[in-house]
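Before I ask anything, here is the structure I am working with.
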């Protein structure tokens, strides 16, 4: 089988990092560290590339009058504001008061409000889930209900009893299920990663 | 006070803006989709802008630009890094192969760490923990046995498309029901978590913004 | 469907009405929190084992301990654990520890910058606070940091040399986790390389089931992973600065009201279930996932 250049890079670099995990060798360790330094820089480069792609897409929309122009303008304004606040001469970067203001006044409340909304959406999803009338959904909702009861913020004797039950439930049945899940997911992850590294199943894609 | 902004004029302005943002996001419930979409656009721009800022200021400059400016003939790695970052950023305008090289490097590292971490950090320790304790109390023994049995059945539940007998099939079916119960339990934890966030947000509006609660 | 039910559904289907009612109920709960309920309401988990484990992990630290705080919560879920994280940081500083904050996610970096500013504004000795900035690359960045942890330019004082040896130089890692990077990532990537490094963690409630198994394996020495464990810890150590009410955050009454509403939803949904009416595929127990 003829392997493409990117697939060869994946195999060689991936195996280098894996072998370095289990074999102590200064030469290997040096090569692995060099790869890690490159990956760290590349991950930051990927963020930069994402920003460039967003500017390209929405800047193009704005210039050509396509799509939601107001939305694109708002997005580009937000995208420009933070780097300007953190990169002007003399700026303290992320710790600059202007950046912290943008985070505290805009970014954090926007994300927090979205996450808070999810409580409502979850309730709606449960209602919709029951519309399909399957036993599986019933089991899931009953389990969710049991966990909620166990976490009710009650004091006194009831609270103490619930806390004892919650402690047992988290350690034994829930702990057992999630240990099985973690093991199962770890096996699946390991097998899939090995297939990628060995270029099985069209990893070139 | 969430501590993200101060108590001075800028902090007060931030609190008002944050409250407006919260109301703008929640306007979705009233059918004001346009305001909600604009809030999403702003969020996407700010989040990407922040990512670009930290990537530039705290990674690319100190780990790439500064070493190259300080000693261009020194370490070779920053030069390679610069070339790969250039390929990544300019991938849109370059031949596909050029852009795929840095991606291949990222995939290789992600895959290798996923494999190593899954086996050494999760698989082996969790398999060990699912064994019964060596000198247990009677209650521990019972609990350990229940937990191990559940773990084993859930693992059976992962068997898809494998030929199996009647007992193994029953175990796999039971395992999948347990898996569903576990996921439902996680849904309960998720609901509690999201409720805490909603309470915090309402508390912010009532306390920090309107001053109705201390 | 009866006419009465139909009218009720029509009433609740007014756009935004029932979320408004939900938020109003929670608002009422927040206003009346502490006034109603008394001893019958209690956030703090009576089973205080998790809080005790965290205290024990901090007790085990040497004088002037060097603690790495890996700040990687999500901005959206941080409010749930904000009070707990601040309490642990205050607790550590009260014990004379030196703190170095590092982030492997951008959102975590935003939180770390805000918390550092808060601590500096509170008068914490700058020589006991190190800003190690942001390390990109997720798992790769974490693994590199095991041996190579450096500050971003201009973000750390000259005394940084004390912590320049990478993660191995620290007495404890306190992992404030989120969806992307959390205690599980640390258990998978750092523990195999530094088995002697104790790792304590604070995570939002929804991550508890995923992270708790690592406590049993000993890969974590302590875990505060539910709002009830958080409240128990807050009750034990007292109110940190900047938290509305340390002993009841996020508030017993609004949490109780919200959870009861969720239970009512679940109860109503399950009660309306008629298994016999499901499709053949939905009734098949063999492949439920």
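Things worth noting here:
The first chain written gets the first letter, and so on, giving A, B and C; residue counts start at 1 in each chain.
Here is the rule we use: a residue touches a chain if its C-beta (ideal position, glycine included) is under 8 Å from a C-beta of that chain, and two chains touch if they have at least 3 such contacts.
Just so we're clear, the structure is a prediction, and the values are computed from it rather than from any experiment.
Traced through touching neighbours, the fewest hops from subunit B to subunit C number 1.
Across A-C and A-B, it is A-B that has more C-beta pairs touching.
Look at the CA centroids: the one farthest from the centroid of subunit A belongs to C. Centres computed as Cα averages put subunit B at a distance of 13 Å from subunit C. Chain geometry summary: the mean Cα position of subunit A and that of subunit C are 16 Å apart. Note: centroid distance subunit A to subunit B, computed from Cα atoms, is 3 Å. Of all residues in subunit A, those that touch two or more other chains are 21, 36-37, 39-44, 47, 93-94, 99-100, 103-104, 107-108, 111-112, 114-115, 119-120, 123, 136, 139, 141-142, 144-145, 148, 151, 171, 174-175, 178-179, 182. Shown for subunit C are the residues that touch two or more other chains, namely 19, 76-77, 79, 106-107, 109-110, 114, 133-138, 140, 143, 152, 155, 192, 205, 208-210, 213, 216, 226-227, 255, 258-259, 262, 285, 288. Each of the following residues of subunit B touches two or more other chains: 2, 4, 26, 29, 47, 50-51, 54-55, 57-59, 109, 113-114, 116, 118, 120, 122, 126, 129, 157, 177, 179-180, 182, 185-186, 189-192, 194-195, 197-198, 200-201. Contacts from subunit B toward subunit A in the complex involve residues 2, 4-5, 10, 13-15, 17-19, 21-22, 25-26, 28-29, 37-39, 41-60, 63-64, 77-78, 80-81, 84-85, 88-89, 91-92, 97, 100-109, 111-116, 118-120, 122-123, 126-127, 129-130, 143, 146-155, 157-158, 175, 177-192, 194-195, 197-198, 200-201, 204. Interface residues of subunit C facing subunit A in the complex, by the touch rule stated above, are 19, 22, 39-43, 45-47, 49, 74-79, 106-107, 109-110, 113-114, 116-117, 131, 133-138, 140-141, 143-144, 147-148, 152, 154-155, 192, 205, 208-210, 212-213, 216, 226-228, 231, 252, 255-256, 258-259, 261-263, 265-270, 272-275, 277-279, 282-283, 285, 288. Taken together, the subunit C residues at the contact with subunit B in this complex read 15-16, 19-20, 23, 26-27, 29-31, 76-77, 79-80, 82, 86, 106-107, 109-110, 114-115, 118, 121, 133-140, 143, 150, 152-153, 155, 184-185, 187-189, 191-192, 204-206, 208-210, 213-214, 216-219, 226-227, 242, 244, 250-251, 254-255, 258-259, 262, 285-289. By the touch rule above, subunit B contacts subunit C in their complex via residues 1-4, 6, 26, 29-31, 47, 50-51, 54-55, 57-59, 61-62, 66, 109-110, 113-114, 116-118, 120-122, 125-126, 128-129, 157, 160, 169, 172-173, 176-177, 179-180, 182, 185-186, 189-203, 205-207, 212-214.
Contacts from subunit A toward subunit B in the complex involve residues 5-7, 9-15, 17-18, 21, 34-54, 56, 68, 70-72, 74-83, 86-87, 93-94, 97, 99-120, 122-123, 136, 139-148, 151, 168, 171-190, 193-194, 196-197.
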